[in-house]
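There are two complexes below, and they share chain A, which is joined by chain B in the first and by chain C in the second.
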Partner chain A sequence: MRNVWAVTRETFLQCVRTRIILVFSVILAVCVLYVGFRIEGDGTLKGRIQTFLAYSTSLTQLLLCLVTIFLTIGVVTGDISRKYIFTVASKPLTRWQYVLGRWSGVMLLTGLLLVMSFGAIYLFARHIRRAQTRVEMAAKPGLVKTETVDPDRLAVEHEVFAARATFQPDPLDIESAFKERMNRLIDETGLDNLIRGQIRHRLQPPPLDSKAPPPPPLDEKKVEKLLHNPALRKQMMEEIAFNLRNQILESRQLVGPGRATTLTYSGLKPEPPDGPPLQIRYKLKPFQSYTSTLKSAWRIINTDPDSGFSQIEFRSDSTQTTSSFMVDPRTITSDGRLTVKYINLLDPKAMATVRIQPEDIVVLQRVGGFEGNFIRAGMLILLRLMFLAAAAVLFGVFLSFPIACLSCMIIFVLSVMSGFIQEATKLPVHSGPPSIFEYFSHYLVVGVNAVLPALEGTATTDSLVDGANIPWKAVLNEYLMAFRPAQADSNVLWRMFGVKIVLGTGLRTFLALGIGWLIFRKRELAGIT
Partner chain B sequence: MSAEIDNDVVVRTVGLTKVFRDFWLREKVAAVSDLDLSIHAGEVYGLLGPNGSGKSTTLKMLLGLVFPTRGRVTVFGKNPFDVKTKKRIGFLPEESYLYPFLDARETLDYYGRLFGQPRYERKRRIGMLLDMVGLTGAAYRRIGEYSKGMQRRIGMAQALINDPDLLILDEPTSGMDPMAARQFKDLITDLSRRGKTIILSSHLLSDMEDVCDRVGILFAGQLRSEGTLANLLSRSGLTQIVTEHLDEATCDAVRRVLAEADKRLISVEAPKDKLESLFLRIVRQAQARHRRADVVATGEVAEFLRVGPEQDRKRVIEELLTGPEQVAAAPSEHPAPPPRPSVAEPVGEVIDHLLADKAEAEPAEPAIATAPASAPATETPLPDEAVEKRQREKPPRAGIDLNVIDDLTQTGNPENHDDA
Partner chain C sequence: MLRQRLIQLVLLVVAGVALTGAAMLSGPIESHRKRLKLVTVTSSESIAKEPRTILLQIAPGGLRAPLLSYLWIRSQELKQDGKLYDAKQLRDLICDLTPHFPGVWAFHAWDMAWNISAATHTPEERWMWVTNGIRLLRDRGLYYNPDDLGLHRELGWIYFSKMGQYTDEMHMVYKRRWAGLIHNVLGAPPFSDTAGAAVKSFSLIAEAPRDLDSLVADKSTADFVERLNRLGIDPDSGFLEYYNRFSEDLSVSPPGWIAQKPAGKREEQIADLMRSDEFAAARAAVLAFARRKTLVEKFRLDPDWMLEVMKRYGPMDWRNVNSHAIYWSTRGLHRAEGLDLGKINALNTGRTFLGALKSLTRTGLFYLTHNPKNPDEPFLDWQADWRFVESTHREYLAAERILVTDKSGKVGKIDSENNKLRGGHITYLSNAVQQMYVGGRKDLARYYYDEIKNVLKAKGDVYELSLYDFVREKRRQTGPPTVEMTRALMSGAFRSAYRALAGGNNTEYLRHRAFAMRVYRTYMRDTAGAKQRLAPEAFNQMEQDFLETMLTNPRAIGLNVPLAVKAQLYNTLSPQKQQAIYPVIAGPLKQQCINEDQDENFFNKAFPAPPE
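What follows is the complex of A and B.
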């Protein structure tokens, strides 16, 4: 490891003395300072801090990613193109030591830059936090302070300078309703007829276009033959059950005007009466109708028999934005449950059926401080830089500077936009069989996503801005690997094991370095002279 | 070849071939073809050839920078990719491919680290090497600001940081002024005398002639001729007599004697100084008056290069236990290795004798009579370059190790030179 350290040290010195690092540092400093002093946000103190955090962390991330890519490729390709490698490789230095040393040298520098810029952002955020809110500025000096809490100040402390866990409502229990409906369906229709209908549906889906000419009649002999295939019967029954469950679930999620639905949240931490408030964040989506505003009433109830505490909120919200309100911590039961009753108010001017999905109404509870969260966010960004540096080493050992930069930038963009690209290349479900191009693009993206980590740059920033907790487990999963239950859409291998293994960015980093080493090991360092 | 001789072989190539191919794997250039080489320990071997003859490619295959297409190459009996092999090699590429943003100390420190040298040892060696190559005054300047000659010097220093058993030098004097080139050649001779095996690649014939024991001439990737310099350069049909100045009458007498012996006199002329010698003399005198601190070499071969590795290690331990000053004062238990046998060795004693005579009495300018005669010129004073060469071949002085290049540097006293 002594040799690795020697190369690391040399790389660090080289990078420090490169002008590119000076340019990037100046840009970074200027941007952070500009954003810190100039940006006002929506006029509230909370908005100002959130805007500052959003811009400064995004900018830092972007600049550091670019610095990492260019520096790493620069030092590796420079060694080869300027033939410095002749002197280095003739020393007792193995190729893996060189690869690892170069990577860790760049990481040492970019890590240091990350610490410095995050330190500056933190200090600035604290500086802005000390500024006065509108209410505080309006208060005349000398007057006795009122007991009224300034909502802006409250929001700064509990929504920004906090690490809050997000809770989604417990899944609706639809099993009893499902069994009852299923039994009724079989009694009324008959099992064979039910399956026969499903086979017909599969063989000849109803046309999407109502004006389309009627399809040719089905071959009934074929339907009857399939009906007696035991495996197919089982598959058809599974499809029927799946559709029925979805129907029940959708009907439960719909809340018509003047109707109400109750959601329960569990796993919350009981708080003392003066503990930090909770927040309910929601976005109401009108179902098959359009209205810009929806009026609602919310009742948050502590269902403990000896408590009986409840809070009522009346809201009028835009359907385009996410809204929120604070909830008293006394609404949590002693076993950590929260019951929320949503009432879709009947208003002739703003009336619509609302569809509520689990992610639409969430409860946020403070579980930690801002500083810890900030450090974990920094660790996730560092991980991204580590991967990009490894990718840069991988390309740098066998490509020229411009080609390696281009390749690395493609990797960067694909990783950052992986979610979007995956969504955009999904195989179409309702518009007939996919074309060859659609198959090709879909499986290409599936392959690329299997290799590349998802580096959505905004995820970390969003967490910081929203004061959303980044748990240590998530950080660990990103560094190593995550085990997730295999979903129905997982591939055969994962379904067989019942669990899906997702390689963390950290492991992918070392995988990239390993591939880089293998290529470099086989590479001749000198050409025709 | 006997087993005993085989053990002595440091570098061996058998049927070594390198074909460079293009992207489509089509043959582009056959840089080296079926090269068979055996380089022995303590030898200065020169690879001679025009540009593009395959010299550098051969060296790069010895260093593992390029993979052979066919054939086999071993260095110290092992694969050149072996890290243990590389620990014993020092390499100076054809240009000083050193990081321009590091200063001389940082550069040497970096390469010292790659050899796993402890901090104390690195510091010691860096100081000595910088002194040796005359860059102590420029130790904190970045390599990028160095002149080409200075870059070659620091390149040489990095090649010696590990006290290598095998030194591979690719065009070592390229881009150097004659003064520095002379110093380099002296250093090579000196290192060779201390038992280092040296492989030189150059197309500068004078460089090769000055330092090599054996040369191989490459052309179009193939070894065209190989042998010792004495064998390759000797002209058996001619005899050269060098005497003091002869007047016309004596010359006539010589002609008559030759005619009686039925021999033809080919030429009679006063010897001419080599341009290199003239240049060195003038620069030496000028340097004595105007010294530039940053490029002054002490001429002292770095201490750690003067002794064997085992002895060196013991010395370091002793120094750590007793302090460097005490160790330096104490007599060494391990004498320096004896000077390696050289092709010029049989006449060494005669030369020493001549030099001693020359120091006592300055002779008149000698004349050379080149004639088809067979008498050896044993009693005749030599011209400048010959004197310098023989001085370099003198065995180490007692007490202090050889200071071969000190008479070429500013620190040496110009008064001591026979031409001063």
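What follows is the complex of A and C.
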């Protein structure tokens, strides 16, 4: 390890001496200061802090990513192009020690820069936090009562300088309705007819275009043959059950005008009466309607028999836009449940059925402080830098400086935009069979995503800005790997195991370093001509 | 080595040639852009005032287009996710990237004022987003595109529809806050039966010196400004703030019982300056200068055009958003097409102009009461202002004449099918007739009733009736009145009731007051019950506002009430009503007694304090 440390130290000092680090440090400092002093947000103190956090962390991230790429490639390709590598290779230093040392040297420097810039951002955010809100500015003696609730200050303390966990509603209990509907379906249609219909549907799905010519008649013999295949029967029954559950669920999610739905949230932490407020965040989507405003009433009830505490909110919201309101902590039951009743108010001008999906109404509760969250966000950003440095080493050991930079930039852009690219190259569902190009682009992106981590440009920043908790588990998953239950659309391998393994960015980093070492090990440094 | 030097030399020459070529081309390009009205702000002015915008246009180079697309998508996503903190920032950035594309400014201003504001839930947030939209257009969009008609129209539309109408549940917040903002600059306008007093008062501001040097040319004014400077006050909005707090000008200062006392020696000296008779003339000059300066620099209004608008259309109260709707819609045509007010009409200004003029008829008289708990949002009450009926009628007729004129220039009949405005015109005048009749202005009601019949040739049995029967029949036909009609009918009824009471006719008083009560109840039952945002103040509050106005500023409601009649009226009121109005009327009435050479004993006898 002494050898690795020697290379690390040398790399660190070499990087510190380069002009590029000075230029980037100055740009970084100017950006953070400019954002801190100039950006106003939407006019509220909360908005100003959120905008500052969003812009300063994004800019820091971007600049550090770029500096990591250029610095690492510069160091590694410089060694080879300027023949310094000969003096290194003549030392008792193995190639993996060189690769690891170069990588860790750059990481030491960029990590230091990250700590410094995040420290500055944190101090600046705290400084802005002390600024006065509009209500506080107007609170001259005798004008505004001092006990007046200041929503802006409340939002700053409980929505920004906080780490809040997000709770989705408990799944609706549809099993009894499902059994009843399934039994009725079998009684009315007959089991064989039901499966036969599903086989027909699979063999010949209904045309998407109603004007399309009718398809040729089905081969009924084939249908009958498949009907008696036990494995297929089981599969068809699973499909029928899946569709039926979805139908029941969708019908339960629709709330007509004047009607209500009750959602329950479990696993919350009971709070004392003066504890931090909860927040309900929702987005109302009208179902088959073009209404632009929806009126609603919300009743949040503590169902403990000895409590009976409830809160009522009347709201008028733009559709498809996320809104939120604060909820008294006394609404949580002693066993950590929260009951929310949503009422779609009758409005003669806007009669619309509303579709409520689980992710549309969430409850946020404070579970930790801003500082811890800020550190975890920093750790995630550091991980990105680690991966990019590893990729830079990987390309630097066998490509020239410009080509390696280009390759690394492509990887950087693809990783940052992975979500968008995946969405853009999805196979079309509603516009006929996919073309060859669509298949090609889809599977190309699937392949690329299997190798590259999803760095998701603004995800970490969004969590910080929203005061959304970044759990240690998520950080660990990102450093190592995550195990997720296999979904219906997962590939065969994951479905077989019932679990999907998602490789973390940390492991991908060491994979990239390993590949870099393998290439470098085989590389002939001094070609004999 | 020599080869490298040679290459460097050649490249230097190429760079020099390219730069010289670019410099030579920039002149013709600039003039070509000016000719096509693509440049409304010179480069040097832009660089001096908005270096960031210039940098943003140049720095992204070829990436400006994809950057713009990204910013548009991101800003819409943020809006949909309820993350409004970044929305203004991104919108500013988009506009900075395309400053000479008016559509971008118009869209973002509209989006902020109408959509983003509707996604928020507190009065502060709503007001902030509506004014963000206004500021984006007025302060920045029109700076880069001063001759763009669309931007002026969009701005006028925000004032007229978003702030002036009733569809937004927080429309009163906008009306009150805007009225408060302008009240702090201009105060309440004086009242007279015609536009004369208001125009005369405003012309002092329009004709005020344009710069500080002209202001201090007068020795006594220079002395006053010097004293202000020594106390750290410049003759601008800072001066207005202290003038509003400490002066004895009743049109701006809050009533004595809530007025802030000077805090400390400095403020005492300022208060002395604001009250001293010695500096009355200089103070008036500085006041006009500061008001003009604030209008121009803060609100981007042209006082000369404001005065023109007042002279033509009536005594606009600039605290009313409808006045600004008219200002911006006419100003746009003037800037874009060089039209003066004589050539601007209801047809070339769109719906805003005529709509705002009609709204002024129904809401033109504003009463602002200081709100100690929230000074930015004063209490607001209003009444119909019949001084706008004539100008609205005239503008209707002017537009109608154009509609019925054929291509050869021959003016057709007013009741021809081409006159699409006639129906609205008749309805407007019919409503005005009803209000005037209920308000006791039967002469005016009869005049406009005749105009409906003789000029507009209205057809139908109802127009054959006598004036009295016409009013009754119209009320029966119209059903529940609108919010503005309710206010207009109530203020008319109060006017008649308290005139009768002052004259000792209790029966008439009870009859008219009962009518006001009936109008109020009908409105609350049929309309306001279902739509909370349209609910007016409580009946007693409206009656109290009216009484206070009648006793302190009767000209504002078209009455001339001598001091003796005021005393007679005050003493016929119930003790409860006296208790409610006394704190507000005592100061102005005491002042009036002094002005009319009466002593304080007279005041105490004529307007005795009500029992505790």
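Keep in mind that, in the parts below, the second predicted complex is superposed on the first by the 514 of 529 C-alpha atoms of A that agree within 3 Å, B and C clash if a C-alpha of one lies under 4 Å from a C-alpha of the other, contacts with A are read in each partner's own complex, and residues count from 1 in each chain.
Note that in this section a residue touches a chain if its C-beta (ideal position, glycine included) is under 8 Å from a C-beta of that chain, and two chains touch if they have at least 3 such contacts.
Just so it is clear, the structure is predicted and the values come from calculations on it, not from any experiment.
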{"item": "Clash or fit (per the criteria above) of chain B with chain C on chain A", "value": "fit"}
{"item": "Contacts of A:Pro151 with chain B and chain C, given as first, second, both or neither", "value": "second"}
{"item": "Contacts of A:Gln14 with chain B and chain C, given as first, second, both or neither", "value": "first"}
{"item": "Chain B versus chain C as contact partner of A:Lys91, first or second or both or neither", "value": "first"}
{"item": "Touched partner set for A:Gly41, first chain B, second chain C, both or neither", "value": "second"}
{"item": "Superposition-derived angle with apex at the Cα centre of chain A and sides reaching chain B and chain C, degrees in steps of 10", "value": "120"}
{"item": "First (chain B), second (chain C), both or neither touched by A:Ile436", "value": "neither"}
{"item": "Which of chain B and chain C A:Met137 touches, first, second, both or neither", "value": "neither"}
{"item": "Contacts of A:Phe325 with chain B and chain C, given as first, second, both or neither", "value": "second"}
{"item": "First (chain B), second (chain C), both or neither touched by A:Ala212", "value": "neither"}
{"item": "Which of chain B and chain C A:Lys83 touches, first, second, both or neither", "value": "first"}
{"item": "Closest Cα approach, chain C to chain B, once both complexes are overlaid on chain A (Å)", "value": "18"}
{"item": "Intersection of the chain A residues that touch chain B with those that touch chain C", "value": "none"}
{"item": "Residue numbers on chain A that touch chain B, as the complex places them", "value": "2-3, 5-7, 9-10, 13-14, 17-18, 82-94, 524-529"}
{"item": "Of all residues in chain C, those that touch chain A in their complex", "value": "79-89, 115, 118-119, 121-122, 124-125, 128-129, 132, 169, 372-376"}
{"item": "Touching residues (chain side chain A, partner chain C) in the complex", "value": "39-44, 46-48, 50-51, 54-55, 134, 138, 142-145, 151, 281, 283, 293, 315-318, 320-325, 465-466"}
{"item": "In the complex, chain B residues that touch chain A", "value": "20, 28-29, 31, 56-57, 60, 63-67, 83-84, 86-87, 89, 91, 93-95, 97-99, 101-102, 106, 110-111, 113-116, 155, 158, 168"}
